[in-house]
Amino acid sequence: MSDEIILRLDNISKKFGGLVALENVNLEVRAGEICGLIGPNGAGKTTLFNVVCGVYRPAGGTVWFKGESVSGLPVHQIARRGIARTFQVVKPIPRLTVLENVLIAGASHLLAGAWIPFTTRGQRAVREKAMTALIRVGLAAEANLPAGQLNLGYLRRLELARALVMNPSLLLLDEPVAGLGYDAVEDFLTLIRELRREGLTVLLVEHNTGVAEALCDHMLVLDHGKMIAAGEPARVLADQAVIEAYLGKDDFLGPSA
Amino acid sequence: MNYWAVLATTVGIWVLLALSLNIITGEAGQPNIGHAAFFGIGAYTSAILNTKYGVDFWGALIVAIAVSALVGAVLGLISMRLRNDFLAITTIGLNFVTVAVFQTVHYFGGAMGIGGIQPPRIGGLAFGTLEIAGLIWVVVALVVILNRHLQKAWFGYALRAIRDDEAAAAAMGIDVRRYKVLAFVIGTGLAGLAGSIYAHFMTFISAGDFGFNISVTILAMVVLGGRGSIPGVMLGGIVLGMAPEVFRFISDYRLLVFGSILVLVMRFFPSGLLGQGSRLQELLTGFIRREGAGARVR
Amino acid sequence: MLEIQNLEVCYGKARVVKGVSLQVSRGDCLAIVGANGAGKTSILRAVMGLVPAAGGRIILNGVDLTGRPAWERVTGGAGYVPEGRRVFPALSVEKNLLAGAYRVADQKKVHHSLARVYEIFPRLQERQRQPASTLSGGEQQMLAIGRALMAGPQLLIIDEVSMGLAPVVVNQAFQLIDRLHHEGLTVLLVEQNARKALQVAEWGYLLENGKIILSGRATDLRGHPDFVGAYFGRNVQVK
Amino acid sequence: GNGAGNTQSGAAKTIKIGFFAPETGPEAADGTSAYNSAKLAVEQINAGGGINGAKLELVNYDDQLDTKQAVSIAQKLTTRDGVAAVVSGSYSGPTRAAAPIFQQAKIPMISAYAVHPAIPRTGNYIFQQSFSGVVEGAAAAEVAKNELHAKNVAILAIDNDFGHTLVQGFKQRAAQTGLKVQEPNWFHFGDTEFTPVLTKIKDNGADVLFMPAYAAEGSQIIRRIHDMGLKIQPLGTEGLDSTTQFLEVAGKNANGLVIVTNLNRDSKEQVVKDFIKAYKEKYGHEPDMVGASTYDAFYVLAEAMRKSGVTPDKIRDGIANTKNFQAVTGKIEGYDKIGQVIKPVQVQQVKDGAFRYFGEITDPAIITPPVN
Amino acid sequence: MLLQQIVNGITIGSLYSLVALGLTMVYGIMRVLDIANAGAYTLGAYLGVWAYTRTHSIIIALLAGVGGAAITGYLFQRAVYTPIKKVADPIVPLVASIGLFIVMEDLFRLIAGPYTITFPVHLPLNRLTLGSVIITGTQAVILLVSAFLFLLLWILLNKTKIGLAWQATAQDVETAMAMGINTRSVVAFAFILGYAFAALAGILVAIHYNAVFPTMGDIPSYKMLAIVVLGGLGNPLGAVVASMVVGLAEALVAGYIGSFLPTDAIAFLALIILLLVRPQGLFASGGDAR
């Protein structure tokens, strides 16, 4: 982990009509770390992702990525600069195969190649890159299935593969293990840890605090669009405000069981 | 002979229009129920250049393509803002407004239309019906090649990604605006091309030739044949393009037959006769696939 | 109360539920757990008549409902909380609740249920007039449960309460299920979060690949080695 | 033309006459009237001994008001059907698109009622059987000035070739005779609601309303004038009597309306009485102006064939040399050098729910169509 | 004059809203741009005039028109729309409905002939003069009837259980089903009501113009779609407001600017401009479930 700040949000605000979804949010993510973003439902986590990715234009503030402002850039350009994401609600391209889904993501920077058919030789490198990504997430066997036929667990893997094939330097993951079984969660943890070793930076939204705690170097808590806590996971999770807003006081495991 | 050449030309123009709409509606998934507007813009541009400024067919053709594509680009930009049904209604509106402008603005011949358009010529040879039929089908062949290529290239995949999920496409680094606009530009440019040939073939055009019912027919060809399937769309164009002539023997019931075909095909082949997943398509490609089963893997 | 016999569910050519049988007796709380894609939701959807059963029978309160339309299940006494909440986005909170009571003819009963739901979820009362789409995820989950209760069901069928919810909301939800169960309601629960599910449930079924591979008392299952290995994870402590 | 060969070989047997009209589709009503009259004319001509013993055969096509279909029909008629002459029972669009093909094939065509000025100008084989819009408009101006004693005329006209040529003729004549005319208001084919534009016309204080319109829109204009209690004398044109339904739809409100048209229903001429009677007998309703024009086109053809011969070229010459031929739509003085008809304009007024004789305009200064 | 033109515009708008209301019921529940609804409008007029010429009772005419159209709506829904909707994207039912509309129009022509038929019912109201503003008898009837029907529909949708079921089904069929709502009947009901409304509008319009002809549905077929979409997805209030916007635009343009473009083009122009300013329509819909 270096000290380089790869992503910095400067006083970001976002409103939907009268609703303030984000209010003067500041945050910094250092290169190579895994940063967790937690908070109650509707706190603004997904909105924050969307602002970083350029889907929403913030009402105020600036997003800095690798020292440059990316505010106002269109989504695909931000993506090409190295921010890849997965979606809270999975978004496959259902009529394309798994491999094709990854291929388009992998070739999106090849502007000049837009007219070259995938089947030609020049595109072999892209194909290989896509297969590598699929092997990594454990989807190689499904490469030729239409994406629409996958179940949720595989779809989450597909989203990850699509993100990885873009060679991102920052990966935004929105509840990547929601709805996954334990085996899948384990695989996921292993993969993310591996990616971190390779130098990838991750910003992770997760309600499963077990997963978040196990992975994160740093944790941020959002509530009602405001940052209410930040720091080491263990400390953050013990924070009284966080417990009140997010974790709940008495664990259900206690009295009534 | 002349009669067949005329029929071939008319059907060729329909097929060209269907193919051009297919790029917008079939490949990029953008509803466009006002495609005849671009057909008309191409025809009028060509007609005006030819009759008012003495530009010959070939020159007028290029400008006609450019002008339709330009208006198409604007619609493409609008389509970034409007989704689905809103876009569909806007395209209907565009059709009505375009026709209205042709019909009322004096410069475009107003209610009188534009006559005296010169047929194409190369050197001293003026094109007759036969040559025009040849020309249109050469163009159709070129467009099919273009479309085939587009489907296989990354561009085609990008369009399909946009069609299914724009947000996901953008997140994958696809410049949604650029490719959507490009799809509109290509599709409308080709419609303009069809319009230009039409104008020089008919030698007389008026606003009514480009009305909403033409848009509906083009759309029906694409949907009936199968969105995104080149053979399907061509089939749709040929079947519906020939229908008025083929069913002339039951003159009084032609519209009835036309309407019934639409209803029945949509009811029993909702993805079109040769569209993805249609029963007919599966039947036809059944054996082919059996042989090449492994081909898709790697 | 509910009997599922040899249920099969297919989507096109894919068979995702392969001969599942189980019985829910009055007053039971029963949990089906399993990895994603195991077919849990498909079982519930078949029970509710939202997908046709490709084989087997579904008997609710002694009535064979196989092949009958979905709405008849509600008359038969089933209340359903669908996966992903599925509140009616443009309807107000109160109208969502009233839609839940659609089959109840007696207006007095409806008012009574409404009062009870508001009592359980005071938050919903605060948001009475707000369109459901503007609620937060947790609030929508409350609304979905409240809506299912409005029909005055004898059997409450809940699909994945915990998904995407903050821990505090998950806890509340499970507490609520526990409470309803203790008040005498029969509950059929589907969950990823096996640990929590088996804390509220009395009986547990483990589903894998469309088949039940393990079943028994929840307390026993919790200690079962296969179960622990597969579903509680080895190095992640889940809260 | 290569169609000629066929006709000559079968000279004594049958002579094929091509015909097309919008028999289905949006203008099926006019198309049907035209087709009905065409059938009637051919039947009667044949019953009367045909053309020197040869029978006429009608080759009928439905163009659905589609120019593309008109073109392929024209190709079919000229190259495959071997017709000797053609009558267009269609509107301007299809007629105009088909005309060059007949001209090129040197097969004469008569446009029964389409008024577009470009049609006869296609060439020397193309004739126009209804008067030029400019003539009809000028006649209307004459009626407005002399019969209706207009001071200030408002115009509400259909925005197509028909409306524009009529307004042009009206304005020209009005300018010559010093009649005050307001800026025209245009409406469009298929419009139904005229209260807003009539509200505007009301506020501009005109005493006569010149309204080139078809039956559907015209009847609604008349109804609204009445509804709104507008004090204005309406002056209509031939479109209003293009189907008999105008009178039924407009009902009592139509009484007093004056129109310029080509069919005088009170004519003493035997041909007119016979046509009206025969049509009514055969089809169960009154004939209209579209039907009368189509019927006349066939009789003009028959006359030309009798006098000059049955090959296309001879027929063309025959039509061009027509002189003082008494048709249903008035006495045809002849055709000018570009093929436009010269005949008097009829003026009719609605009385007790029927079109009645009101006058006739024969002044050569008015009824001679412009050659440019 | 301005006031008069506003009255004119509102009348035109009311006429549109009659058709739009029926269509919006169908559109709301199925998201089908149902061109064939305009066929029901013509069908209503034909059946109405047929019954009226035989019985001279406007009540029977209304019953015949509305009943016939309602049955047609039910049949179309069962035989065409519901089966198609299960498998396909929205453009497919649109094309099917265009086919149905063409078939209907041609059947009218074949059965009743191409000529206009009159519908000679005399409306009981006389011209009303309020200062400089004239409200003609037919205008008054149209205003009253459409206001009444709108009120009726509003109560039906917002105050009754069937209305609640309609709204729930419109938003999420499957969940509605799971709440015990018989969605099959609700969808059928929407079509029956939607087509009945169209027929009622057709009869009223036929009386207003004293004319019934095969192609009288042409203009409503696409213009009403625009109005319904503009008004928001299946939002009856929105449909009424959108009708008024279009009606007023037409009246004011005809009255002040002159018919620089055909009326339909003006309506669409207004619509395109409005959509560009408010891409979500006049009234944003409640948002999508997902």
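Structural remarks
Each chain gets a letter, A, B, C, D and E, in the order it is written, and its residues are counted from 1.
Criterion: a residue touches a chain if its C-beta (ideal position, glycine included) is under 8 Å from a C-beta of that chain, and two chains touch if they have at least 3 such contacts.
Remember, it's a predicted structure, so these values are computed and weren't measured experimentally.
Counting steps between touching chains, the shortest path from chain C to chain E takes 1. Among the remaining chains, the Cα-based centre furthest from that of chain E is the centre of A.
Spacing of chain B relative to chain E, judged by their CA centroids, is 31 angstrom. For the pair chain A and chain C, the distance between mean C-alpha positions equals 30 Å.
Averaged Cα coordinates give chain B a centre that lies 37 Å from the centre of chain D. Centre to centre, using the average C-alpha position, chain C and chain D are separated by 75 Å. Touching of two or more other chains is recorded for residues 103-104, 252, 255 of chain B. For chain C, residues touching at least two other chains: there are none. Those residues of chain E in touch with two or more other chains are numbered 106, 262, 264, 290. In this structure, the chains touch in the following pairs: A-B, A-C, B-D, B-E, C-E, D-E. On the chain E side of its complex with chain B, the touching residues are 31, 33, 79-80, 83-84, 87-88, 90-96, 98-107, 110, 222, 225-226, 229-230, 233, 260-262, 264-265, 268-269, 271-272, 275-276, 279-281.
Residues of chain A touching chain B in their complex: 53, 55, 74-77, 79-80, 84-85, 87, 91-97, 100, 103-105, 107-110, 113-119, 123, 143-144, 162, 166.
Within the complex, the chain B residues that touch chain D are 1-3, 6-7, 10, 103-104, 110-113, 115, 129, 202-206, 208-209, 244-245, 248, 251-252, 254-255. Per the touch definition, chain A reaches chain C in the complex via residues 19, 39-42, 88, 149, 151-154, 175, 178-186, 189, 207-211, 214, 245-248, 250-253, 256-257. Partner chain A is touched in their complex by these residues of chain B: 149-150, 152-155, 157-158, 160-161, 164-165, 167-177, 276, 296-297.
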